[in-house]
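Both of the next two complexes hold chain A, though its partner changes from chain B to chain C.
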Partner chain A sequence: MAATCVRPSPLTMFWCYCFYITTFLTLVHGDRVMNKIYVDIQGDMACFKRFNGTHEIGCTSGFYGNSGVIHVIQNQSDLQWVYDKGPHKPYVLAIPPQFLTPQVLKQAEDSGKVSGIVVMVEENFNPQVLGEFSGESHCPNSELDLYKASFPEYSGYCEKNPWNPDGTSFLFMSWNFPVFLVDNQTSIDYIKQYYEDFNKPDVNGEPQPWPLLCMELNSNMFGTTNTEVCMRRSNLAGSQLHHVNFCDPLSDRNILAALNPMNASVELPEKSVTVVAARMDATSMFDNISPGANSAVSGLVTLLVAADALNRHKDAKVESSTKNILFVLFQGESWDYIGSSRMVWDMARGEFPFKYQENLSDQMSQINLTHIEHFIELNQVGEGMRATDSLLFLHTDPVSNSDPQISSETKKLLTLLQTSSSVANSSVTLEEVNAKIPLPPASFQSFLKKENISGTVITDHKEGFKNQFYQSIFDDYKNVKYEADGGASDRYHKHISHVASALATTLYTILTDEVKPITVNETLADTLLYCYMQNISCEMFRKFGEKISPSFFNEKPAKMYVSVGENNGLTYLTEKILAGLVGEKVDLDSDSCKVTSRYSVYQLFYSASIDNGTCFQSTVRGTVAQSPAFSIEGYDWQSGEYSTWTESGWQMTGLMIYLKPSVGEEVGLVCGGVVSVLLSLGVVYFMNSRADIIFGLPTPPAAC
Partner chain B sequence: MTVAQFFGCGMLAFGPPVAMFAITIATDPIRTIMLVASAFFWLLALLFSSILYCAVVQLQDTIVFGLVFSVLFQELFRFLWFLLIQKAEGGLKKVSDGNVQIVENKHILAYVSGLGFGIISGAFSLVNVLADMTGPGTVGLKGDPANFFVASAVTSLAFTLLHIFWGVLFFNALHRRAYLQLAYVILCHLLASGITLMNPMYGLTIPTVWVLTVLSGGLALVVAGGSHTTLAAACRPRQPPILRVPTPQLTSQDTAL
Partner chain C sequence: MAGFALLPFMWAVNFVWFLHEAFKAPPYPEQKQIRTYVIVSGVGASLWLIGVIVWVCVFQECRSEWGATADYLSFVIPKGVP
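This part shows the complex of A and B:
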């Protein structure tokens, strides 16, 4: 009641005042009674629903949220107490990350006594105590695997030698209760402290009496069943009512940058483009947290640093070369190769990077699959660091290399990479993986499905992933052993720089057939790593992202999840940073530094906060990264040809805790109220009818 | 599930005033109008209290200041309301359509006015609390007393009743120029409101407020012409109305017969 009277608006003042007049509350500046009842807990990291052509995965709460009595779980016996003894069902389990396993959740679901789960990750939590924690399956993206249908001799490889041995497939399970992640220490302390005060069973394990601490979890998901059903519903409802989003396709933008400008007026020779690719997305079970330090950031930053170095060493020989380098950052690769499959689809139908524009002289040339000479992919290079040097592995595809021409090209490329690494003096050892082993999950597979291309996937693992936390909340800077302290004692950014240096040196040789060590900017590597993995509101991101809403910038790791729609702040930022690195500064003011056509060879980008206003001219552009499944008329959702992932819509997610009174107390109160009404009716009726006697009034005249 | 608390507390606090309204007020349009008008005067008192509060910025943190002046404003507006209905008596007679009881028995109007004050002040003090009761939780998480809702409802009811009794006493005091009674009303209001500053010591404040309620109720009964004997009389079954047939005068002639 009566809002705080510290700085009252006239209206709150008014309420305040009423309050003083009858003065019920304590001497304090009473805030609303509601604030005395409910405590909001950090509730922005909910597990949400996603769908593919056949299944739904994730979690949802009921329409009005789920609630239950909180039980904080420290060990197995606490869980057993809830299932065997706990009399106050339903319960909301507050668990540490060790208990976030499919087994625990399955047991909770089967018990019928659990209405929600909160995972509490405390500040000082050490992920090394965890067992298998990767949310992905043993064979990530295996449904759209290159080898799945056509090459039975390779398709069984992963089942015997899982690429992701720590995989739990947790991400792909569906639960009938909400699950939230809480990592705000204040929120965790609230839960634990009030649990001690009200709910914790006594020393004999006897439950506490009412009132008990309860929690309400709100994360109602609009979509159900699968993508087909959900898209159909969206289309039906969308025609009558606006803004009904049962589900939306996972989509964003791929980013590409050509080292030398590609003008449509100059014909692009066959096999002249080397694609250097990395993916820029990662995922986790929860909303608002997907650090992807090794799975995405390691490759992404290596690519950015290499592109910057190569651009700075761009000499006349490079500019006059008939070869070219295309840097590509793929989005949505975590969800069955969304970005790469879209690019390949566009290339195959001759609409990449866009449909050819008649009568337009200044436009980027069309690229298709036959233009690609080599494909070099950086995929999880973060954990290749050894005591003094780095060890990475070069994976190749056994199928395409059965073609002798491709095979010789691949050999040449691998050798070049290895020699370049020593030329660049980068202390990176690049080891070839047995050529009989199929490729690990990689964007390159999408290309190989359509065309035999020579190429390699550079990773930090020879067999199973070194990344213990692939696609989970703990694939963060600690996972790759990054220490952000201005770069003094940190070895990780040096590792990334060395890989980038080896790569850039290779690319230089591919372009010019000459050997020249390319040095990279280690400070840039450190800055980028810090920004992506620890603090997206760093100075560099703020400068390049001055047009992004300020709410985007919090002091947290970047969220690498692909998400829906094409206005992802992080993708925009990455695109602009790449433009800043490979672009050249041109002398244009803010008014004239505007993109006139999205088809132009050069794109312009203006930032007012870099050197008091800078205009960058670059070949960097974005292309659509949405699965072709959503563009193909009458696509068969069960066919498994393209990614069909969609994300459910939802309103707001939230958590709050409160005390719930006993039923006895409530019944008593209602009875009291009823007695009060009946008693007063009786007394008033009596006194009114006998008013003449009680107050000695003259008898009212009898009715005539 | 604490919709139960909402209904429980709501009925507890508003049951009695609603019963009074339904049985004694709603049957008579004049009384209804007077009740609403008096409630409006209480609102005016609230408005002026708020203006004062806004004006005196440096004392906003001192609740006692606000409380005392708010009480004084309420009593002032009760007085102004009294003056108004004194003036309006002639008009009231005309519109009362032959039912002169409301004009002749001053206590009825005093009771109606008091109930108007009581209902509106009760509503203003409890409605916000009631609104927050509807959610699933109850007070007590942050160390606040668990019985806050019941205590609020009970205190609110006491103040509603107090306003009725003060109304009767206050008007009576003005009619009879009994200034001691007037002083009692004002002091009693100050005391009852002041004691609630001791909250959340409900063990002290609620009994005090209710003692004052019973005391004021007794006094109001007495000034309105009641006493324990009339109450006792009222409890007995009503005698059938005695038809008084004029007895014929005996003449000396008859006695002679």
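This part shows the complex of A and C:
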């Protein structure tokens, strides 16, 4: 039979193909097998490793991650069930924050049945139920304490009267399993719901059969041992073909601003500069969360608000004064005074704020330790609110004040602060702490190690910290009782404003010897507090940070951790905000508003989103905040002179949950697969060898 | 070239290549000499192999203990182990 063969036109063929492809694409839905097995949950807050000259701290997972059967812990008996009864080791414990204690983790480690821990912080969790939770030790930064080596009569003070009585030293412990924090409610609900469905032991406490809900935790850290080892390896790896960041020094930038411009062409008189300092960093055990509301933001915002107020009240008397004010924000103070020790080191070797530039007329003056008249440090000032007013304390250093001249200067400063507070009508009571008590942990200590300077540290605590959550994830806006929605009724921003007002009034008198109450901008205080403590995506931050990558603005509290490298978005933002507050607007467009030299007295900053484009000219600049230990050739890492903290490198952290079948089922699946492959091979071989019989094909004619 | 760093490897190749010639091939006058060389090459190559294996084991065991020295000797430093 002759088949009629009609050859279709090319156009018809094209439409046919289109039809087939569309049908194919709509019917077939491609998805990776991995996505069908695993569900990713929030895994960006891992506990990671840090190192100092002698130790490693923190957590790491194995190279391929750690997995285990999830067990949600609600009370002590659930933990006991895992250790005594649980047959499906290893387990991943999902615990509420109450169980995040050194004891629980130690027990988990010793049991050998735990391969990871997930801390679930639910939206409605109330931190007040927690006991001691501060991650720091009883004596923060005690390794680099001013009194440690030289002044034995004061060095023992903290052991008897701990500055941080709620300290657990949790931050400084090392664990051999990964620990993650999860605060995303959807992720928590996932874990809890599937746990109920599959894993929860029955009413008699008998374990459930397979399949069980499991979790894989990935947070492999590259560095190990201590800073000496991992820095050596980082340097070696840097010189080789493949670069591995085993670890990097904790570092960033300090920010400084002079009230009156300091030009190197005008000689800076001795003891003419009053340093007003605060720290801008806090820390916690986990990545991506370090709110530091009291430990950092309280002092930082007070300083910003005071600087703004003083700048607005800058009159001819201030401008012609021989005195000057230097506002300084230190970075990395949580990790053994990185920022302040660097500044002091630079000052002592005559390279602050930079090495003197020959033949450059427009450059900022060199400042060294003898130029400093007073040092006023705003430490934790957040929890000084009382029913109707505020109470703060003025700490002084007993050692430097044994010098009668320093002592009389300090006395004058304290009296001035107290009278200014009442002049400003700020309802802040400033109480002097017993002069025999040494200073609490403060940046001022770094300066006093090298030079006797009169000064004070302003805090909300007389003895032990009022801050129950120092250096932990709960030092947030709730800890300082800030109510963002309260508007005018919020008392916290008023408290901060009052402190700033008392400070600004003091500074005005230091500059001019005249008394004049300085009022501050309370709205500014409220805005800044809201932005730092609740939402970094606020309007002000977005305007000043228009050059920062959009992923930075995530509607969460600011992350105050110093981190590594010098491109920390928050530090940049703080620098620009300070420039906006103390700088003046100049009439330059975006092209001409550019910094020509980082040495110049004035620095320029342009923002397109403020009033349709504004150029700020200010004295604000950043200086390196990296421990001198990393700059000194052949530094002895064990010497304990400077901070040696580094942070491990890592690829990426993540959490996944999945259902794991029993071992029998897994083995069966693999064997079934192998058998079916062999079977199909056999069938194909058989069919191939007998193709002529099966398909009735004629034997191909032999080639000629 | 091969004689410099890879001499023991050359011995191993030599051993395998001439094995047949030295022991299996019908006898001829130079065979005895070849046989000696093949045996010596074989022994040398195995000694070298044993030496390498021992060194690798010792190095892997003691790498973290030797500290800086071991790091300078390493080409690839593994991540996340002491």
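By our rule, the second predicted complex is superposed on the first by the 630 of 704 C-alpha atoms of A that agree within 3 Å, B and C clash if a C-alpha of one lies under 4 Å from a C-alpha of the other, contacts with A are read in each partner's own complex, and residues count from 1 in each chain.
Heads up, the rule we're going with is that a contact is a pair of C-beta atoms (placed from the backbone, for glycine too) under 8 Å apart; a residue touches a chain by one contact, two chains touch by 3 or more.
This structure is a prediction, so every number in the text was calculated from the model and none was measured.
**Q** Thinking of the overlay built on chain A, is A:516 touched by chain B (first), by chain C (second), by both, or by neither?
**A** A:516: touches no partner chain.
**Q** Counting only touches as set out at the top, which of chain B and chain C does A:462 meet: first, second, both, neither?
**A** After superposing on A, A:462 lies clear of both chain B and chain C.
**Q** Mind telling me which of the two, chain B or chain C, contacts the most residues of chain A?
**A** B
**Q** Go through the superposed model and pick first if A:60 touches only chain B, second if only chain C, both, or neither.
**A** Once the two structures are laid over each other on A, A:60 reaches chain C alone.
**Q** A:669 in the overlay: touching chain B, chain C, both, or neither? Say first, second, both or neither.
**A** Only chain B is touched by A:669; chain C is not.
**Q** Mind working out whether A:220 is in touch with chain B, chain C, both or neither, as first, second, both or neither?
**A** Touch status of A:220: second partner only.
**Q** Contacts for A:236 in the overlay, against chain B (first) and chain C (second): which applies, first, second, both or neither?
**A** second
**Q** Could you say whether A:200 touches chain B, chain C, both of them, or neither, answering first, second, both or neither?
**A** neither
**Q** Which residues of chain A touch chain C in the complex?
**A** For chain A paired with chain C, touching residues are 60, 63, 220-225, 229, 232-233, 236-237, 240, 242, 244, 246.
**Q** Please output the residues of chain C touching chain A within their complex, sorted ascending.
**A** 64, 67-68, 71-72, 74-77, 79-82
**Q** Once bound in the complex, which stretches of chain A touch chain B?
**A** Going by the criterion above, the answer is residues 1-2, 5, 8, 10, 13-27, 29, 32-34, 36-39, 67, 194, 211, 213-214, 216, 657-661, 663, 666-674, 676-677, 679-681, 683-688, 690, 693-697, 700, 702.
**Q** Residues of chain B touching chain A in their complex?
**A** 1-2, 4-5, 7-12, 15-16, 18-20, 22-24, 46, 49-50, 53-54, 60-61, 63, 66-67, 70-71, 74, 101, 105, 107, 121-122, 124-125, 128-129, 132, 135-142, 144, 146, 148-152, 155-157, 159, 193, 196-197, 199-200, 221, 224-226, 230-231, 233-234, 238, 241
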